[in-house]
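Both complexes shown next keep chain A, but they swap its partner, so chain B is in the first and chain C is in the second.
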Partner chain A sequence: MKLGFTSTDEAFRDEIAGWLAEHLLGEFEHIRYRGGPGDEHAYFRERRAWEQAMAAGGWIGVGWPEDMGGRGYSLEQQVIFHEEYARAGGPGRVGHIGEGLVGPILITHGSRWQQQRFLPGILSGEELWCQGYSEPGAGSDLSNISTRAVYDAGKDNWSITGHKTWTSLAHEAEWCFVLARTDPASRGRHGLGFFLVEMQQRAITVRPIMQLTGTSEFNEVFLDQAICASEQLVGEPGQGWEIAMALLGFERGVSTLGQQMMFQNQLNQIITVARRNGATADSQIRQRLAQAHIGLKIMRYNAMRTLSGNMVDGSLNRAAMISKLYWSIWHRELGNLAMDVLGPEAEVAAAQPYELTPLQSLFLFTRADTIYGGTNQIQRNIIAERSLGLPREPRMTG
Partner chain B sequence: MDFSFSENQQIIAESAADYLAKVSGTAAVRAAMETPGGFDVATWQDISSEMCWQLTHIPEAHDGLGLGYVELCILLEQMGRNLLCAPFFSTVCLGVNALLLAGTDEQKHHLLKAVAQDGTRLAMACAGPGRHWGNEAVTVEYETTSSGVLLNGVYAHVIDGQTADYIVLAARRAGTRGNQGIGLFVVAADHAGIQREALPCMDQTRRQARISCTNLELDAEATMRNVGHAGPLLEQVLSLASIGMAAEQLGVAEKVLELTVDYIKERKQFGRPVGSFQALKHKAADMLLQAESARSAVYYAACIADEALRSGPLASELHESASIARAYCSDAAFVNAAEALQMHGGAGFTWDFDVHLYLKRAKASQHYFGDGAWHRERIARILLGETA
Partner chain C sequence: MKYSATSLLSVASACRGPDVQFSPTQDQLELREAARNYLRASCTAKYLTRRVAGGPEVADGWSGLVEMGLPGYLVSTTAGGLGMDAPGFALVAEESGYVALPEPLIEVAGVAAPLLDQLAGQQALAAEVCTGRVRVIPAHPLNPFFNQADPTDPVLLLGDEIRLVEPLSGLAGLDSIDPLRNLRRFDAIQGGGAVLARGDEAVALTQSAIQRGAVFTAAELLGLSAAMIDKATAYAGERKQFGKVIGSYQAIKHHLANAFVRLEFARPVVYRAAACLGQDAADLWVAQAKIAAIDTAIEAAEIAIQVHGAMGYTFEVELHLWMKRAWALAGLWGDRNHHLARVENALLSKNLATGPAATFCNHG
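Up next, the complex of A and B:
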């Protein structure tokens, strides 16, 4: 066991910190700490420009292999990159779905053509992606998807029809990866395909859904015979589930340590409030602040274990299995603590008619952390069945 | 950065698990619980002379093995899992640590050698009666006399105090409070002026004694370093002990999860294993989260303990990491044991099933060296920059 990083890694830390300090200025100064879950609507145009500035600096895809246009950084270096980015208050990345999910899945499962067509757009920050999994009838039970894809042999393309929902950033993205049924007779995990679909076409309608924050970052997406060229199907028809699951595996990656740095920024903000308004004299608040600090430290140690050990070979160890359940509970409680530290002040919003303060947004948006990406109940099912080997829930038939 | 066990550490863990399965299975634990001293003397002799576990983190210069606190915590985790009844924790986590940090060269030379060669048992007496922890809990007072010091007062809950050969005593200069005026002394347990009374304990796997000092006269030989200013040393010893106890608690948190999963896979009601009911599966998943997070907290703190013992760059994190580990592991062990009992149904309430032994150990462990709230308050002071 060895804590801390090598001197080469620390030199790299200085490099990225230096670059950020030089570039998060001027037109980008005011987007520091903005964006990200709950604040995704903020300064979207500026953050798109920032994504391209990052691309120009060569900071997108740092963990991708070099022959795919990435920089082939070690795990440690990727961790440092994400930590420094969050420490500097780097804005929520508008390209995170492309960089974190689509890129990795195309690198492992995509065709040569798909890699050449789609990776450059992600690396240049010019093409944004969204995730078209959930449907009105397929939430936790994702395999219950009913969106259909029909192959037209004459045109050699697919025609996709269905209704996706909760699609984050669909109103901004150029591309969407869509899980759809290629075999109309199939059910459940069989007969699905994984499609790369262009959003700019008449057959696709995006309707924003207003969230409890009064803002919209997710949408309903209606596909009415949307066209998808045959080379934009990843893998084979019927392989969709396998690919969709492989992609979800990337969600538990190195970026968690960067996410924790963002959490640290939020906790620091709450401590500042507590110092200012005297909440630090309240023994219950003191206990909860300490609890938050303890929880965040242990989240970091859990992530260090995940990254050091068995993750390297791709197998999910126990520390990785609990990661989503752990951080979502912690973060949701942080939002709650923020309100309780503020006390009566917590009520007052930033402006008319309904502009929320950052801590109010934190409180409200963290209610979603325990829902998206697999609800906490689903996480517990998975942990109980896969890590502990407890019997599966019987499925109703009919 | 590498936060995983080395191959050697893996081997230590596996061989400790194998060994303890032999000497500290249920039957052995229950037999030891019935003995007057609370442990099997032959097993202790075997552990101290054959396995030499008490030497793990003692430097080679003092006849130790010169391994680290991580290795020690690996052993303690296994002892917690097996509820080992032995004066190991008191000897090593309290006594040896006190000698390493506060012992004079002579005391180290003499006593660490005795621990190494003869399996000499150590204990540490610190807190007086009442609901206090840390330095504030020290109530026994010392006065300086022409020939040394004179101690008077009572230690309420001395782990393995009844069976120890030597005892480290924490006392304060008469009239001081808090961190002020602390002195540490080490003395043979049968010294005149020391009276020991074994206490009947709810957790029968770990014994306590009440120790009274009545005009206990000690000379320079018994006096440890920085007398009158040993508050920081005592705090360090207690943090090291806390990390060791957190490792035991990790073992408890994991073991009760395993017992429970095995049980609910087998036990059938309503025509199906009760472990297929989501109400139980979700509790089991939460127990896994607690146990895995406890593991991360313990081994991070163990790395920091090594830094502290070797004055490494992260040494200043000792108290923080100890309190993080203890606040988390105290709860994790107790909550997991309590859920384990519930998930065993009526069987969990019986004497014959082992769950109650873990529940009792977990509850007792919450109240040594600071309960969860005490450790969280210590963290709050660090977090808010209120430490002196």
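Up next, the complex of A and C:
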């Protein structure tokens, strides 16, 4: 693990900081600090334009290899990129699923055709992606999915039918990666396929689900014989589970550093409020703020350790496995702390009707942190089984 | 409700101190039963969802509460009330929390009405609260924002002068995080209005009104907690993952058991405070009650959401209304820090007696 930055790194820092300072202005000024978790609905059109401005500046896929259209930056440079992006108040990225998950999985598992067809749309910020894993009956038990894909040899395409749910950004995305059963007789992890499905087709209906915040970021997605060309199946039929899991490995990748910078911004904001409203006079609040600060440092060192080990293949290792459980609990407590710092004001919405303040959204959104991407209960089971080698939980399916 | 307070209370009553009433009377239990039946039949989750969608003017449930006599629960019979006492009302407050009642029952019946009843010359007004002709909403700087669903309700301004301020017309309401509460800023209350009490009398009445506000809010929080635990338990018994109901997983069982244990430990604290209002140390007991209830409700909300998975993160499953109410009420009539400071102060600055003679009798 390297802890310092070279002069080349620092020159790079100046470059990205300078570019952000020049570009997060004018039409983009008001979207600074907006669009993060709990606030994804905010200024979507502007943030899409911003994604394309980032693309024009060459700032998407900075960690991807150069022959895939990326910039092949070192780990240190990627860290710097995320730090500076958050420091400048860069808005929540609408292309994060494409850049952080789809790109990497296509780079490692995609065909040449898939890489040529899909990577440019991500790098240009023109094609957004969503993740079609969960279903009403398949949440924690993801392998229980029942969405079916049927191959039509005459047309050389797949017809997909099923009901996906909690699909973030499905109402905005051009594309969705869908986990579906290619072998109707299969159960559990076997017989699944990983499909790249175009959202704009009559066979797909999207229904937004209202969240605690009163806004909608996730959706139900109904597929009724949606068409997917055969070259849009990643890997082979039956390889879906393996690919789906490899993709989840990227979720714990370098993007966690950007997430931590966002956490730092949130903590700073809470400290600012505490200074302003006098909450810093309270010894309990002071201690909780100090604990939050320490927790953030712990996460940062763990992330650096993880990334300096095995970054590009996104493989799970011990350090990565413990990260989600830790940050989700830390972040949920940060939400509680924000409300306690605000005091009675915490109850009052920013405006009518039901428009919440950023800290209220933070509080509510952090209720979900311990649920999505594997609940805390499931995380603990995984840690106990894979890190400690305890016997597997009894399972009925699979 | 699965957890009846009664069973626990009757055990507690065996070892109660000389002036501590842990066990409800027959009258209190009957009234609680009536309130429970009425509230659970009328204030259903469906009804709440409709109100959220339709705005606060849709089908106010106040008249039903008036028919039950609840606004006058603590008002003397001579003024047309039921003449009941605070521990009994705590049971009703718990029931109102259980259904996440949007009506300002605690404010009107728990805080304002008994104060008016005690004020010379205001019994007529107390009687009008009982008949439902007026609904008086209490306000005090301890609550910089207070719930006032209807801007035509007069406001009872508490403090070292107690005043009745006529409707706050023209004042825009504020949205609460709880879609069923409509807030007003305390600072925005204009001067004027009739002075009802001054000096020592006003201070004493205000102090006990605040205590009632805090303890009944604590009871309401217990009801909210019980409902959230029941909802999560029911969900855990239905939702299947990995081929089994999630309630069969130890992780889920332990979470729900923890919430339940905290709730049952909080109950006698709240009842003891309700039973001892008006005594010298009531402030301390009320503080303990509010803290116990806040901790219970915050934990119950967190666990109930977790057990529901992504379902718990939606506006479409009504659990969020309970969770948001708990959040709002946690800050009312003194938040956790406020009350903790009182306990701290009593213990460390005022040399609260903690010896054997004090600990288990009527102190602490």
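One rule holds for everything that comes next: the second predicted complex is superposed on the first by the 386 of 398 C-alpha atoms of A that agree within 3 Å, B and C clash if a C-alpha of one lies under 4 Å from a C-alpha of the other, contacts with A are read in each partner's own complex, and residues count from 1 in each chain.
The definition used in the following text is that a residue touches a chain if its C-beta (ideal position, glycine included) is under 8 Å from a C-beta of that chain, and two chains touch if they have at least 3 such contacts.
Here the structure is a predicted model, which means the values were calculated and not measured.
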Overlaying the two complexes on chain A, which is it for chain B and chain C: clash or fit? fit
Which partner does A:354 reach: the first (chain B), the second (chain C), both, or neither? second
In the superposed arrangement, which partner chain does A:214 touch: chain B (first), chain C (second), both, or neither? second
Of the partners chain B and chain C, which touch A:242 in the superposed model: first, second, both, neither? neither
Using the superposition on chain A described above, determine whether A:326 touches chain B (first), chain C (second), both, or neither. first
Go through the superposed model and pick first if A:367 touches only chain B, second if only chain C, both, or neither. second
Contacts for A:15 in the overlay, against chain B (first) and chain C (second): which applies, first, second, both or neither? neither
Classify the contacts of A:377 with the two partner chains as first (chain B alone), second (chain C alone), both, or neither. both
Just chain B (first), just chain C (second), both, or neither: which does A:393 touch? both
In the superposed arrangement, does A:304 touch chain B (first), chain C (second), both or neither? first
Note down the smallest distance between any C-alpha of chain B and any C-alpha of chain C in the overlay, whole angstrom. 6
Enumerate the residues of chain A that count as touching chain B in its complex and touching chain C in the other. 377, 380-381, 393
Note: in the complex, chain C contacts chain A through residues 143-145, 173-179, 181, 183, 240-244, 249, 251-252, 298, 302, 305-306, 309-310, 312-316, 320, 323, 327-328, 331, 335-337, 340
In the complex of these two chains, what residues of chain B are touching chain A? 1-6, 9, 70, 257, 261, 264-265, 272-273, 275-276, 278, 280-282, 284-286, 288-289, 292-293, 295-297, 299-300, 302-304, 313-314, 323-324, 327-328, 373, 376-377, 379-380, 383-384
Taking the touch rule as given, give the residues of chain A at its contact with chain B in the complex, in rising order. 1-5, 76, 79, 271, 274-275, 280, 283, 286-287, 289-291, 293-294, 297-298, 301-302, 304-305, 307-309, 318-319, 321-322, 325-326, 377, 379-381, 383-385, 387-394
Using the touch definition up top, name the residues of chain A that touch chain C in the complex. 134, 137, 139-141, 144, 165-166, 209-214, 218, 282, 284-285, 332, 336, 339-340, 343-349, 351-356, 360, 367-368, 370-372, 375-377, 380-381, 393, 395-397
